[in-house]
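So that you can tell them apart, the chains are marked A, B and C in the order they are listed, and the count of residues begins at 1 in each.
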Amino acid sequence: MSDILAVRGLHAGYGAGDILKGIDVVVPRGEVVTIIGPNGSGKSTLIKTLAGLLSVREGEIVLDGARLNGLSAPQRVRAGLSYVPQEYNVFRNLTVYENLKIAHEFMGARSKNGAKVLDDELLALFPELPGKFRTLAGNLSGGQRQMLAFACALTIQPKLLMLDEPSASLSPKYMADIFGTIKKVNSRGVTVFMVEQNAVGALRISDTCVVMANGRVRVTAPAAEVLSKPDLQSLYLGDARAQTGAS
Amino acid sequence: MILQTAFNGFVSGIIVTLPALAITLLFGVLKFPNFAVGSMMTLAAYVVFALNVQLGLPLTLATAIGAILFGGVLIFIDALTFRPLRERGSITLMVASLGLGFVLENIARLAYGNTARSFALELARPFRFLDVRMNREQMIAIVAASIALVAMYFLLTRMPIGRAMRAVADNPALALVRGIESPTVIRWTWFIAGVLLAVGGVLIGMDRALEPPMGSNYLIMVFAAAILGGLGSPLGAFVGALIIGIVSELSTLVIAPNYRIGIPLCVIALILIFRPQGLFGQPHIRR
Amino acid sequence: MISFIILMSIIVCFSAIIALALNFQWGLGGMVNFGLTGLYALGAYACAILMTRFGMNTFVGAVGAMVIVAAVSALVALVTLRVSEEDYFAIVTLGVGEMLRLVALNEDWLTNGALGITGVPRPFGDVIPPEYYQYFMLGLSLTLLLGTLALLNVLARSPFGRIMRAVREDDVVAATLGKRVPWAHVRIFVLGGALIGLAGSLHAFYYQYIDPTQFSNVVIAYAFMAVISGGRGAHFGTIMGAAAVMVLLEGSRFAKEIIPGLDSDQLAAIRIIMIGVGLILLLIFRPHGFMREYRLQVSLK
């Protein structure tokens, strides 16, 4: 199975009517796949449905050969699916250490009891964190919180790491850092699937680009191609100006 | 006189820390104020009464067994009453808890009638320390509550399930994607609340008499403690309960004892006007 | 038999007015009044005391009761002005209800404590012969109930009502209207309070004797059940709900004759257990009652 994630005909939504109207996406092993699209296209809804926070109404989600449909969000985590939400992605009233400890204890990390919450690999990726172990996560800066959220998601060696707008509301310095970190994580063998508003920055480190609009997939193409074709760019990246808000 | 009153208030407060903690834990994880906690304390106390007086077990053992039993009872009650309503808003849950309160209090009344009962405890002479009279029940209350509080502290800060409870209280959706199973946490929360309420109920039953309206009479005081401390903050529940206990008792020096309940109410009112999140609470994020 | 039906109907009228008040405060104002029982008791006692201790006539007694309950309601609403969470409001009203109950029980000098107040006069009591009084009472109660219904319906359909409903359902509307919303809430709560005071007065007139035991938690359970079974804002439905609940549960008083071997305390306890269980069952199985509530937890299922 060369695809880590296969999504077929996915329908999901919040109230009456579907937001996702039949999504087909494939994430090959080892790649970075980025979803872009205008606000309201359903990008965030897609990732939340994959994570298990929203029920599947129709369609299938297969992670490394295992069908995820009936599984709860915690079960999906243990199956190897790691997710970093866009906001509220750390436990603000718990310390940095406690955040990491929880991830360690509950995400199914296959390590011995008493192991350190940050192994050497993570330590190399997030050197700022140990100094802040006793700080409440809510008192960190936006960029630091993002790093903590990442570190927690990487406490296990996930089969697939899903990121919802990792660069949203970050200062430019942290933005570059984030994409650099994602690339580093990917180079160590973690498949990455992300939703991004800042299309250019994300596509630069991606292998494949998926364009969504109105709850459907419009285009799937190599990221380099989308970046290099100006007309494709203007069509689909037109509103990639700084925008916040759910998609 | 003041020292004696303050001491009495301290005892009263430390007893209230247990149900206040239960309320705050339940609120944090389940996101609604549970109006049945008063009756839960009462019913739990009667369970211990049955073990202690009717089955003849010594009070400490009866309380321990009764508390564990009652923890299980609450898990069961939650499955019947609150789980079907999990997705609804807090008003529905509050109303359900109100109804549940009636049911529990009257189950106690049905089984044991309206006459006041007391636990089987050997009489002991109170002793004096620094001109303050401390009777045996009060000492037991202080020791028992302290043990419970220390245990809670360790549970919440050192044990995985305690961290999980705090995580769910902080951000339920994030807890899910960090691998925390919500039903498990909910069950544990009810169990722990049940233990706290059982011990609290016994201590109250020792302090006053054991009768059906016993717990409900404490409801407002317990809520005042939790709100003063900040709903959702365990530390707040502890501090709030002590403050309410001491202040309520001291107030009897100036106003009629029957209106002790006015103090918690005023405290709630003042807090809501000036600092709704209480001493240690976080600004309320409705997610 | 006829007497029984009339008796039931009169009691249904009081309960219906309370249920309507609860529905109004909750439906338009988002304020759930857990202190309903206490405020009802306040209304009854206020009316009785005004008449027996201050020698007022029944009209002044009733109006006085309405004013007093409205004033207390205003106080509660003002205190909670800053806090928009329903939870805190519920807790405060619960506390107020408790406090009022204690006052009724303990302030002997005012309320006669557990002994209660006897000899409460009733409107036109000396004019209408006793054997016909129940018809008059029924007529009076029905008239007031229908008047209440009409008033609340008019308010609900008015621009004010529509705005308040919009505020309840849409945060953006609420944010736009800003400060005016809490004040509107106060007015809504005060009006509801006046209605509760009215119901309390009727209670006092009808029974002519009030004591603390008449105001148990059962009152509020009835009101909630009526509102839930009646469905959202459907005022007529609320009345039907009140009627159904009342008949079923008051009728169960006669279970004593049927079930031997239980003393009256235990039977009373069983009744209340049934009421509590009934309330919970209604909540579980009647999802459209009590407003279409959903949490704004978009991220959870």
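Quick notes on this one:
Throughout what follows, contacts are C-beta pairs under 8 Å (C-beta built on N, C-alpha and C of every residue); 3 or more make two chains touch, one makes a residue touch a chain.
Every value quoted in this text rests on a predicted model; they were computed, and no experiment measured them.
Chain nearest the geometric middle of the protein is B, using mean C-alpha positions. When chain centres are set by their Cα atoms, the one at the greatest distance from chain B is A. Chain centres here are Cα means. That of chain B falls 29 Å from that of chain C.
Taking each chain's centre as the mean of its C-alpha atoms, chain A lies 41 Å from chain B.
Centroids of chain A and chain C (each the mean of its C-alpha atoms) stand 52 Å apart. Listed for chain A are residues 53, 85, each touching two or more other chains.
Residue positions 299-301 of chain C are each in touch with at least two other chains. Counting only residues that touch two or more partner chains, chain B has 173, 176, 287. Only residues 26, 32, 34, 79-80, 82-83, 85-88, 90-92, 94-96, 98-99, 102, 106, 217-218, 220-221, 224, 228, 265-266, 269-270, 272-273, 275-280, 283-284, 287, 290-291, 293-297, 299-301 of chain C touch chain B when the two sit together in their complex. Those residues of chain B whose C-beta lies close enough to touch chain C in the complex are 32-33, 35, 81, 84-85, 87-92, 94-96, 98-103, 105-107, 109-110, 113-114, 172-173, 176, 219-220, 223-224, 227, 231, 258-259, 261-262, 264-265, 268-269, 272-273, 276, 284, 286-287.
Contacts from chain A toward chain B in the complex involve residues 51-53, 72-74, 77-78, 83, 85, 88-94, 98, 101-103, 105-108, 152.
Contacts from chain B toward chain A in the complex involve residues 160, 163-164, 166-167, 169-171, 173-182, 282, 287.
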